[in-house]
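Here the chain labels run A, B, C and D in written order, and each chain numbers its own residues starting at 1.
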Amino acid sequence: MAIGRETIENMLKLSNPKWKTSVTRVEPNRIITRGYPQEDIIGNLSFPEMVYLLIKGEIPSKNESNMLEAILISFCDHSVTPPSTQAARLMASAGSPMHACVSGGLLAFGKNHAGAIERAMKTFQEGIKRSKDNIETVALEIINKSLEKGNKIPGFGHRYHTEDPRAPKLIELAKKCGCSGIHTELALTIQSILLEKKGIRMNIDGANGAILSDMGFDWSIGTGVFMIGRLPAIIAHVHEEKTREEPFRKLFDIEEIYYDGVDEKKSIDKKEK
Amino acid sequence: MAIGRETIENMLKLSNPKWKTSVTRVEPNRIITRGYPQEDIIGNLSFPEMVYLLIKGEIPSKNESNMLEAILISFCDHSVTPPSTQAARLMASAGSPMHACVSGGLLAFGKNHAGAIERAMKTFQEGIKRSKDNIETVALEIINKSLEKGNKIPGFGHRYHTEDPRAPKLIELAKKCGCSGIHTELALTIQSILLEKKGIRMNIDGANGAILSDMGFDWSIGTGVFMIGRLPAIIAHVHEEKTREEPFRKLFDIEEIYYDGVDEKKSIDKKEK
Amino acid sequence: MAIGRETIENMLKLSNPKWKTSVTRVEPNRIITRGYPQEDIIGNLSFPEMVYLLIKGEIPSKNESNMLEAILISFCDHSVTPPSTQAARLMASAGSPMHACVSGGLLAFGKNHAGAIERAMKTFQEGIKRSKDNIETVALEIINKSLEKGNKIPGFGHRYHTEDPRAPKLIELAKKCGCSGIHTELALTIQSILLEKKGIRMNIDGANGAILSDMGFDWSIGTGVFMIGRLPAIIAHVHEEKTREEPFRKLFDIEEIYYDGVDEKKSIDKKEK
Amino acid sequence: MAIGRETIENMLKLSNPKWKTSVTRVEPNRIITRGYPQEDIIGNLSFPEMVYLLIKGEIPSKNESNMLEAILISFCDHSVTPPSTQAARLMASAGSPMHACVSGGLLAFGKNHAGAIERAMKTFQEGIKRSKDNIETVALEIINKSLEKGNKIPGFGHRYHTEDPRAPKLIELAKKCGCSGIHTELALTIQSILLEKKGIRMNIDGANGAILSDMGFDWSIGTGVFMIGRLPAIIAHVHEEKTREEPFRKLFDIEEIYYDGVDEKKSIDKKEK
C-alpha cells in the first residue's frame, strides 16, 4: 500500500516528538548561534557579549557588556567558605573526576547559598511593578514586611562582612556605564534606611541583583549568572585540591562529631503490631 | 507523490536511533521486568532478590538473597565521617532539594572514597584468574606487589578502626550461607599474612568484595552495590540536616582557613608579551 | 603563659562548629546505628527494616516491614521512559563513571518526574488534617479544587497506563498487612469519584503515597523512598549501557532537531546605547 | 590542671585538620584573590584575564587574554546534539531547579563527550616531550600508534562536520596573537598527513588543545576550560526548556524503545542451591 507524504509527516509529528531550540542551528560544517555563524563570532565577541547573546538573544552595547563583565568577575571567589567550594573539594579529595567535582560544587547552589540574588531580584522587580513613582514607600514596604516576619532582606547584610567591599564598587560602575536605573535606586533607598536603623549595608547580591534588573534580566536567571562567574574558581579549587593535597584527607576528625541519638541497645527490638 | 510504507520505515530505522533495553518492557497497563510482570513481583520478591534480578537477570537462591541482604545492610552508615555524607549535608544546609542533595552525596563516591571495594574485587578476581591452585602464592604476590609500590592493599586496614567489626560478621555469614568460595579464601589468606606481618585486618570492602566475587558479581558493579546499601542513610542525614539544623550554618569558621597564596599586591600587573 | 583546659575547651566550642547527628555513633572498632551495634544488625535485619530504622529511628513490625518492602519494589523500574533513566544512560554513553551516571539520574528526579508522590502525600495528609470524619467531603474538595485550577490530582492518572497494574496490587497488600488506614480510604474515595466522572484511576504514586501516609511517613520523605526503590534499576541501566552499547552513540540524530530561532545574520550587530 | 599554649596548639594542629588554599584570602571586609583585592579587580580585569588569574595565578598578557577569550567562545554551543545539553534539558523538563539542571549537564562531560580535548592535549604534550626537533616523526608516531590500535586520534575528525569551521579560525587567531608554538605545529603536521591519507581534518578540540598547550596549560585543565566556555549555553538551554516547553514532555515516545530481554515468564522462579 502506498500512503501520502503528508499523512506520513503527520504520523511522524505525532509519534516522534522533536527537540526544538532557538539557540543554535547545526548543519554539516555550519554552526549558527542566535543567527551568527560561529566562525564570525570567534575572535569578534567578548565573553560577556557571548553570555548576553546566548541568554538574551542579542549582542549588548559596549556599556552593557562592560557592566556584565564586572558583574561576572565580582562573583569570582570567596575562598573555601561557601558550601559549593567545600563540596567540590570534598569530592576532589574523594577522587571524583574534575567534571563530577564541578557538578557537585554547583549542586550546593541551593536557595540558602546562591538563592539570595534571585530573591533580591524578585523583591526589586516586584517592588517596581507595584509602583515606579514612590520608591521610598516601596522600600519601606519591603523592609517592614521582612521585619514583621523576622526575615532577612535578600541582598543586604553578609555573614563575614559588615561592609561588603564589592557592592559599592559595582554600584559605582553601574552609574559610570549607564546601567543603573530604578531598581538600583530602590536598592540604594533600602540601604540608606537599613543603615540608619540597623547598621546593615547592601551586599554583592543586592548590588548585582539591582543592576541586572535594570539591565532587563528576569530574576529567574540570577543563579545562572552567579554560576558563570563562580565556575572558574571552582575549577581552580578542584585543581588545587587534586595537585596540592593528599587524597582522601581527614577534613573532619572523628572528635568533631557529636552523636546525640539514642544510647546503645542490648538487643534488636522489633515492633509488635 | 506517494511513497511506500516500507521505504518510510527503512528511512525511519536509519534516521531514528532507538533505545534498546533488556531490563523492562513497558506496554499500556503492562510492565514486565526481566520477564516478570511487576504486579506479580510486588509482594513476592524481597528487596535483595529484586536487586539481584535487576543486575544479574535472574532471581537468586534463598541463601544468595540472605547474603546480599547482609552485604547491603553492612554498608548502611558510617556517620558524618565520609565525604559523601558531608557533601549531602552541606547541600542540604545550602537549601538544595532532597534529590539534589542525594545526587551530590553520591557524586563524592570517587575512587578514594568508594573505590576500595571495586579495587578489592578486581585484585581478588584477577588473582584467582592467574591461579586457582595456589592461593598462598597469589596472596603473597598481591601483598609484595603492593608493598613494593608503597600502596595499601584494597580491602585491608581502616582509617578509623584497627578491627572493623563488620568484616568478621560478614565472613561468618558467607560461610553459613554457602556464599564463601575461593575469593574469600584468598582474602582470608591475605589477612592472615598481613596480620602477622603488620597487624592489619580485613575491612568491610575486603569482606564484601571477596563474597560478591564468590557470588559471581563482576568487580565493575561494586560501587553500585555500595550505593544501594548507603542510599537510605544519605536520605536520613539530609532529612536530619533539613529538620534539625538551622539553614546555611557555619560548618567551617573563617578561622579554620589557612591562606598560603601570594601576598596582597598594590596594583594590577598585566604580563607584557 | 599557661591556660586552663576548660578555657581552651570553651574556646574550641565557640570557634569550632561541630557536626551533630543522631543516626550513627562511630568510635574505634564500634559503629552504633540508632542504638544498635552494626555487627548485630548485619544478618539480623532485612533491608526494609534497615530503611525504616534509619529514617524513622525504630525497627518496624513484621507487617510494616513487608509493606515497605513491597512499596520499594513497586518503584523498581519503568524501562527507559523516565528522564532519570535517560539522563543516566546519556551520561554513561558520554563516558562518565558509574557513580556520576547514577547521580545524574537522580538529579532528574525533579518535581514533574518524582514529585507526584510527595504532592499526593501532602494532599492526603492535609486533607485528613482538615477532617477525619467526612472522607467523601474531603475527597470532593480535593477534586473540585484541582478541576477548577485545571490541575491534575497527584497520584491519579498515568501517561502510559489507563490502569496502572501496580496500584491495585499495593492497595490489596496494604489491607492484608494492616497498613491501610484513613489516608488509603481517602485515596480510594477520590478514585471512585474520578473513575465515575472521568475514567481516571489511582497510579503507583497515589497508592504508595496513601499507604506511606498511613504508616506515619511525612510527605517530605516521599521522593527519598522512591529513590531507594529505583536506584538498583538505574545501576542496571548504566551497566547495560556501558557493557552493551557503543560509546557516545547517536541517541539523537541531527535531523530530529528543529531550529526555530532567528535567521542567519550577515554581520555582527552590537547594540548602540 | 594547667597546660601550655604551645602544647594546646600542637594538639589542635593534630586533631583539627584545616582547609588550606592559595586562591583567595577572606577577612572581614577584605577579599584578596591571588594577591589582588577584589574591589580593584572588578571593572579592571576582563573575564578571560580573571580565568587565567584564577587557574594560573597571574594576569595574562593582552594577546594571551584575547586568545583565551576566543577559545572560551569557540566552545559556546553545539545546539541540542551533545549529551550534556540533552541531559540538562531532560532535568529541566522533569522540573529540577536551574542549579541542579546545570550540574546534571556538566555531569555528562564524560570522557567520550568532553574528554577529547584533554586526550588531544596529552597527546601533543607527551609528543613534544619525546622530541622537539623532529615534529614530523612525532606526528607519524602518533598517527601510526592510533591506526594500529584502531583508535581515533583525539582532536581530529568530527561526527557532524567534515570541516569543523571553528578550527581554522582558532589557528588563524593563535598565529595573530603569537600564541601558536610547537604544539600547534605538531597538530598542523598531524592534520596535513591525515588529510592526505584519510581526508580527516582538525576539529575544535585539536585546535584548542594545541593552542592551550602552547600557552602553558597542563592537559588536566582541558575539560575545565571547555566547561567555562559551555556553561552559558547550558543555562540558556535550561531557560529555554523551562520557559518555552510544557513540563515533563514526551521526549521519547514509548514506540521508540526496543525491548530485547527475556520473554514474559509465567511464574516466579527462585534459584535452588
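Throughout what follows, a residue touches a chain if its C-beta (ideal position, glycine included) is under 8 Å from a C-beta of that chain, and two chains touch if they have at least 3 such contacts.
Predicted model, so just to flag it, every value in this text is computed and none were measured.
Two chain pairs, B-C and B-D, are compared here, and B-C has more C-beta pairs in contact (counted per touch definition above). Look at the CA centroids: the one farthest from the centroid of subunit A belongs to B. Subunit C has its Cα centroid 20 Å from the Cα centroid of subunit B. We define each chain's centre as the mean of its Cα atoms; on that basis subunit A and subunit B are separated by 32 Å.
We define each chain's centre as the mean of its Cα atoms; on that basis subunit B and subunit D are separated by 27 Å.
Within subunit A, residues 16, 19-26, 37, 41, 45, 79-81, 86, 96-97, 99-100, 103-104, 107, 109-110, 114, 160, 250-252, 254, 256-257, 259 each touch two or more of the remaining chains. Interface residues of subunit C facing subunit A in the complex, by the touch rule stated above, are 16, 18-27, 32, 34-37, 40-41, 44-45, 49, 57-64, 96-97, 99-100, 103, 107, 178, 252, 254, 256-265, 267-273. Looking at the complex, you find that subunit D touches subunit A at residues 15-17, 19-26, 28-31, 33, 37-39, 41-43, 45-48, 50-51, 54-55, 66, 69-70, 72-74, 76-81, 86, 89, 98-100, 102-104, 106-107, 109-110, 114, 160-166, 168-170, 173, 220-221, 223-224, 227-228, 231-233, 235-240, 242, 244-245, 249-253, 255-256. Residues of subunit B that touch subunit A in their complex: 1-5, 8, 12, 16, 79-81, 83-84, 86-87, 90-97, 100-101, 103-104, 107-115, 159-160, 247-248, 250-252, 254, 257, 259.
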